[in-house]
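Input: structures, listed below.
First chain A sits with chain B, and in the next complex the same chain sits with chain C.
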Partner chain A sequence: MPGRPSDSGDSLVPFSPEAVGPVTHRVHHGLRSPLFRVYVSWSRGNNLQVACIRPPPPDSETLDGTGAEGPEEEIGGKVVEVKLGNGEGEVSEAERRRIAYGSVAPFALLQSQKNLFAASSRMPNSSIRTEWWHHVLEYSNSISNLLGERKPLPSAVIEDPKMILQPGEEPKSLKAAWQLMEIFYVDKQVSSWLPECLVDWLADYDSLLTRTESTIHTKISSLQKKLDTLKVFEDDPDYWEGLSAALAVGWLDTVVKLLRLHGSYQLDQLDSREIENGLVEAVAVLVSTMPRMRPDLPPGRLGQCCKTKQEYIKAWEKWRGHVSKLESSAFWVQCSHPETRDGLRNLLQIMLGNIKNLTVATCHWMELFISHFLYIRPFTVGLEGMQNLAQKCMQLKPSSNYNGLIRLLTGIFGENPEVVLAECSKSFGSWMVVHAMELLTASSDNFGILLHEERYNLGGISIEELHRLGYAQVLSSHPLTWQIAPTYLASCPKQGLGLLEILLYRQPVQNYQLVLKTLEICRLYELENISSSIMKIAGMCHWKHGRKGSGVYWFQQAGDKVSLDRIAQQLFESIGKSVSDDSFKQWEGLIELLGSDVGTAGGLEFLHKYRDFKRSLHLALEGRAVDAARQSMQSLIQLMRNPSTPQRFWLPLLHDSVTLLNWKPQPLLNVAETNLLLNKLQELSMAKLRPDYCDTNLPPQALSSVRLALAANLGRAILEEC
Partner chain B sequence: MAKEVAALEKGAACCGWSRSGERLAVGSVNGSVSIYNSSSSPSSKWKAHASGVVDVVWLPPECGDALACISGDGTLSLWEEVEEGSQPVTWKMCKLFDSSSYQILDVQFGVFSTSIKMVVAYSDCHVKIYELLDLLELDKWQLQAEFQNVTDSVSRFGRPSCLSASIAWNPQRGENQQASFVLGFNSDLPQFNSPKIWEFEEAHQRWLPVAELVLSEDEGDRVHAVAWAPNIGRPYEIIAVATCKGIAVWHIGLNPESDGRLPTEKVALLSGHDDEVWQLEWDMGGMTLASTGADDMVRLWQCNLNGVWHEQATLDCS
Partner chain C sequence: MAEPGDLRLHRYPQSKSVDAVRWLPSASAFGRLVAVAVHDPDADPAAASALEIHSLSPTQATSPLCLRSSWPSPSRIAALRASHLPHNPLAAAAAASTLGGSLHLLLVDLVNGAVDTELSISGDRSFHAGPVTGLDMQIGGGECVTAGEDGRVNVVGAGEGRMEHRRVHDSNGLASYTAARWGSPAEFATGGVGFGVRWWDQRKPEGLVAQFKGSWGRGSVTGMVHSIDIHPSRKHICIVGGSSGTVFAWDLRWQQQPILLSGVGLNGTDQPVSESEVWEVQYDSYTQSSGITSAPSTKILPVMVCSEDGILAVLEQGEDPVELLAEPCAINAFDIDPQNPSDVVCALEWESMAILSRGRDVVAIQ
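Our next item is the complex of A and B:
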């Protein structure tokens, strides 16, 4: 999809379209170069079929490949299907489909709510907006749940004191990115708790910040492993490092748990290490009562929850006072264990917001960034402030690689929705772009205007529509997901239906169920033209593959008079060539199917009458019933009178009826009727002389036998009427 | 990302996919044609021509499963897949267009509400347009028009000799859609080469050139490929033209100017294939252009938000 931002802007991570050349992928076909030709064709959605053809063998070689060649030489080329898409590497295909299906309902619901809101535009603007973000938040929560919930394992009845890291499912970048967008763009309630939201976010997703460099999460995990083997924790520098790291990013529970593992708590040592233990406990108490400005704290989590700024400032000053007091306390001199003394004082420095200690304690710039919210600038608000802070942290902790999450975050700080969308697209794929756009547009009118503005360069559509079209193409790349593409196309006001038409038109017609599905979608979106095209194509496909009944059925569904007429014509001609009972049987069903209301279908009326005639003739000849015999004679007269009966049928019709003309019990035709038939016979004899006369396959004496039978019938009829 | 779909038999020379992309026809140097139905071995194979097949083009699905094959000797044959009763599937020849004087170079089909139209390009730079009204009978093609690819029909030109022709129908389907296609040649006479858009004028029942996709400095450049992008709602059409200078992307206005010509604008010249471009192919939304060339690369081109065309990705097939 064309998803690159037009402006590299002044984002933190340079994103210059010019700097990034096209990505080159190798197509592995196993053929030796050079190739003779490469052919391509777009199949479903974003799938590209590539055929690589080897140079044809020289004339001297035979094509059956019997020469002394390797197996590769037997092959003339390879066809490869290439799926074009972008990095959603972490998510498996089945998972992606689950997410795709799951997000249809929340997306569709949000769109219909949006339409409702648009319709009720009389409402004061502000109230719409305030209510609107609730809907978006609801939507965001549904999507977020879909992306996986972090389910902590059921906690043991007796908590393991050494379990400092709660085991759970591996967090996913997709979810992390979604949460980030939600924090910044949707949840208006969090604006004053934004820093704390980011602290929570980091606690969940710290492990995703980088795959190559170390993070606090990796540090704590390796410490967790070590804890089982360590005897005396406080002698190990890793213990103190882990403590300071966890404290720096506000993982208070981990800090307190670790502190309680301190050797001075051991019962047998309490006496000799009383002071030391007192200091450890004092720090633990300070840590667990740290004021946090947030609406609530999950049960069991440490810290002191303050809901208002005033409350927080008061608590913060008091707490800081305690920290400073402990820092300057005289007990430190009496602490005999140097590692404990230094380690604890380091923790106090962190709590006092000493940038040096924080920088040492953290690994990634993002962690340092978060620690600022906790200990240095708890009231950081506004994206500009955050961006400056992030820049400062990046200078202090330069990173060699920026992954998608970090680039997304910096895009958010840069307040450039194009970069945000480009990052979403690049790192998390088109699903993310389309669904996250709803979050972006909920945040500010400016973003909405930018994303909804119709652009000539894009063919008159907005960026929002462009991305939706792109996602619909990705969905249509797979036979299991194309059916949900219409939902997204329907939300594209300009070009959605155009693409939907092409998508539907390209669906194969061999499978009955699939055709029904396609037609159902046509009906939903009122695409009569396409449904009639599909039915015509299905009709033609079945007809030509010998499934004539299905063919006629679909032509009728399509109301394709032209084709039905031609089929009627074909039947007509075919019957004209031979009226043997066998061939007629084959066509009888079709005549039935074609129905009598095909309108002007030439000859169809005749075919119906002919069928009636044949049926009664059959009955008459089998059962010798007078009624049937009369009936068929009446049919014959009607047929012969009707101007639509082609002349070339006259003789076969009469010839078929010879037995009835010679009906023993009584003559079946009266004088006038017999005269009519004789006239027709006469006309036929005359026509025989004309060059355009179409001969039938009847025996040469047919004409004379009919004439004889008619003459005999006439004689008997005259006698009868006398 | 890539998976192998089929291995082609030895001697394969050209191939073409059906409209739904599910079937592949492969023409061979010995004149045979094989059909692959999303499986690795051909489901049907028959001898279509005495000499090698140089191009295979599927007819629109409105005609059933049917194929046009151009042979190296310049003849064109139309084949359709039929089944009768319990007989196995067979491919039956419906029509053979002989090339008594000039070779047939390219053929393309357009779908209209009541008919299928076929443009056939010949090696003397003229085209014939046939129409088929009865889609059940693929042998009843009526010649509708015949003309040369020049805007000036009065002047006399020499006798051109053409190596290849490129035709692309306007893919838009619709009741009121005027039939139009773009046509370019690779010939030794410059007047014939430049791609021109021909439109059928219903009132006078004739084909008229409504636009010429060439700048004065590029006049006479040999055309290697053309592709008309599907238009799902743009206020202009997009056509890609490959010449020796690269791939040009043209915007064509929908409404004619006072002289009856459509406004055209060359918006990009994409260079990347060092050698000749073989094929141009738009995706179903008309947003991504795939090109193949003698450098054995498939290049994918897109337009960014500023309207600048760039190469988005490359598939290296060498």
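Our next item is the complex of A and C:
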């Protein structure tokens, strides 16, 4: 129970008593108040899932079938993810969705390639692996581009010598974390110059290491601000501090730029400070020719590239020789400016890898860690070695709290994919876990086995599937992103399809465009039974809201015999009743809608014939045309003969045609036909005695009037035929 | 499939759903305006839907879109049309119908992109009850025809400070209309479920003149009509786009023999350009190189279509379709700039819009 801060010593989660005041998180559910229920449950990482439910609508209105629906159906509820903790609030919801959309295509491509590879598993395993990481790298690059490109601002024609820090967009930790995973897990090419990759990584993302403590980046940026006002740089201790810091993490161009700002370069002072200037320049040259174990350098970066280890060792020793030679040179005594002398010698000590100087020059342990790669142990390989080194650096530079990026890094060093995933989830959300898992599985078979193994405690699914399902759930809860959830659900072998079906069922059916989009997904994943269910639901919705045409259309599309039969049954109700012209039109229209093709559906055949009968009856009664009268009598005979005509309609049918039976000009039925009708009438009177007979709403004398009319007709017919 | 030629595409993420797009006529050489119907389900329901006017600088593709004004709509916009005004070159009319059954006529100032005047029919149960997805406005901003899912067809005229509607037909729900298009000042076409197309003439007492029930042979697929277009020089032919990738031409002179331009069942060998919903069709005046006047009146002019599976293509009778775009997400709507037909604006499913500019090469293919 929260509330009473218990003794923090034995609590599972360290509880800091300094936490002041409750933190408020706003839940943007977008629903109209009042809310009926709010359910809160844990989601992945430190996300809470809040389900907001509105009260059920009163069923009094809009359901009577005649009125159309109100202005836009209200959403009944919504599930919102709330991120707890001070986390990286740098990615807005819209940006998150943009990333989600953009990552669908690379993810789907990678999955299909994976399936392709799995299908051609006859290929020797090694060649698959070597080829495979190229695909993953391609995937990683497209995701990385999505997370934001560091666009350098258009460089000025004349470079400002005082611009030591390239201004650009704020780097994002999401991208920093992604790059880190790519460096360690995917790019097999870089394994031999991994340390240099980390140096580059730090140069890009140093500002993200910590938000509360100072970093070299904060130091350099405050120095940058100071440069505009400063007259004599070399007298300021910040200048030298900045220099040593930048050198310690290998920002060589910054170092050289700063050195060239040294006062001894001033034309008026060159003569008096010749030796001093020579020393500064010598250090600058040494810095800019530092050997680096990497294939190439981006333009503008300094250093001397060495592709192979031998080449590097040779260059390194030569360079070190130069540095120590300068260190022990006699010129230092002649240097009259004490700050310059001490500052430059400090730089030389850094280049010589003096741990004391490096520790002083750096702020964060990560920076110290990187400086080890540059100046002390350039050949550090293997995660174990890195971890030992990192631990050593952490002891030298302890910090009170580590952010997600640092925790991720330590997880990577620990070679524990579960920790890495947990950190991804905790700090960067479910999107990151799902997409980064592809990088992890690419790195080693063991990780793949670990993540793909089906686990009893997860309900028989793998870790990979669990995370994908979680991410798909987040996507499904937003009305704009639900359409991309199927891509992820489809990659879940165990429960994906089941959840996909639920997701599709849950889509609203009021908007026909949305229904068609849902059906399109059904088509893609070959879920015929789901699509027919959705069409039935849509049909029912439209029917109930008085859009009979759409309702019947959807029922027909779904092949929903039951509903169509029920509609036909409703149409039967009006048989024999005297109906107004308008409702007959409506009735006729519905029969038209039901179409002739559905002949097998119950009594539709009867309905069509009845419609024809009723129509000609109308004509006959209005126009008194013999043809129409004859026609309607023929329809009557057909109807009565047909076994599919229900018995309960016999009397209404006959009663409808009493006028025609008494047709003045001539009898319309012959003897045989009249006898048939009389027989039917007799049958009907017998049936009346049975308990299951259902009475019609006709007047009580209907039977006798029909009988009389038939008898009269029979008499006339006999006379006619004589 | 023919080469798409020189195409430039620029995407503009909107961070909300883009439901409909229309070019507005340009009043000056310095900028063009696009009317965009947007919907943000995360926002407060009262402010969730809007019609936004964006301006686009004429100096080519990479220029950003700039939001000029936003008019809040009471309900999500289902259909959008725009037209120039013959008596006022500095303003344009935009008509928007909504899922809530209302119609709004906006006067857009073309100089600053602001919405000046608004006329509405809203909350009137005698107008439409339910979504109005069929909407068209006469060229020149005259009368509007609306056809709704409730089965009503109305003609709306703008009077002095208000709009007046006249019901042409009410099917009492027996038919649902999803598309409408003017053919002439008195005639228009509507489309609905089951590929049903109807031709109406206001001068006739009944209104309904001809109808096509969407059956061109047994066993063929059926579906909904999403869009109709009628060329001003060929008023007797309706181009219809609908479900299952179906695009057909319905000629009033041969009502029982529609010409299938694309779709399942065109013939066994041809791959249809799309098998999913064709959300919009428009005559593509850019591809009409051979000249409208010289072509026989029976020939179907080139048509541009967009589909749920992300295809934007130009179809021409008897030729292979030219695919202009194949997006990973649905293209829900598009509009060809009437003044500058090489440019097409598209509404993409994934909360963005795109502007496609076609170079000269496309013409050369013809």
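The rule is short, and it goes like this: the second predicted complex is superposed on the first by the 524 of 722 C-alpha atoms of A that agree within 3 Å, B and C clash if a C-alpha of one lies under 4 Å from a C-alpha of the other, contacts with A are read in each partner's own complex, and residues count from 1 in each chain.
One rule holds in what follows: contacts are C-beta pairs under 8 Å (C-beta built on N, C-alpha and C of every residue); 3 or more make two chains touch, one makes a residue touch a chain.
Being a predicted model, the structure only gives us computed values, none of them experimental.
K.L.:
Let me test your reading of the model: by the given contact rule, A:512 touches which partner, first (chain B), second (chain C), both or neither?
P.N.:
second
K.L.:
Please indicate which partner A:162 is in contact with in the superposed arrangement: first for chain B, second for chain C, both, or neither.
P.N.:
neither
K.L.:
Would you sort A:28 into first (chain B), second (chain C), both or neither based on which partner it touches?
P.N.:
Both: A:28 reaches chain B and chain C.
K.L.:
Applying the touch criterion given at the start, work out whether A:461 contacts chain B, chain C, both or neither, answering first, second, both or neither.
P.N.:
After superposing on A, A:461 lies in contact with chain B but is clear of chain C.
K.L.:
Per the overlay, which chain contacts more chain A residues, chain B or chain C?
P.N.:
When the residues of chain A touched by each partner are counted, B comes out ahead.
K.L.:
Is A:544 touching the first partner chain B, the second partner chain C, both, or neither of them?
P.N.:
Touch status of A:544: first partner only.
K.L.:
Jot down the residues of chain A that show up as touching in both complexes, chain B in one and chain C in the other.
P.N.:
28, 545-547
K.L.:
Which chain A residues qualify as touching chain B in the complex?
P.N.:
1-2, 4-6, 17, 21-29, 33-54, 56-57, 63, 65, 73-85, 418, 455-461, 463, 469-470, 473, 476, 494-495, 497-499, 501-503, 505-509, 529, 533, 536-537, 540-541, 543-547, 562-563, 566-567, 570
K.L.:
Under the definition above, what is the set of chain A residues touching chain C in their complex?
P.N.:
The contact residues of chain A facing chain C are 28, 30, 32, 67-69, 71-72, 93-95, 97-98, 101, 104-105, 478-480, 483-484, 511-513, 516-517, 520, 523, 542, 545-550, 553, 557, 586, 589-590, 593.
K.L.:
Show me the residue ranges of chain C that touch chain A in the complex, using the header's touch definition.
P.N.:
It comes out as residues 13, 15-17, 41-45, 48, 74-76, 99-101, 129-131, 133, 149-151, 171-176, 178, 192-194, 222, 224, 243, 275-277, 279, 308-309, 328-330, 349-351.
K.L.:
Can you name the residues of chain B that touch chain A in the complex?
P.N.:
Contacts found on chain B: 1-17, 19-22, 24, 26, 28-30, 36, 52, 61-65, 80-85, 87, 89, 114, 134-137, 173-175, 230-236, 278-279, 281-287, 290, 292-293, 296-300, 302-307, 310-318.
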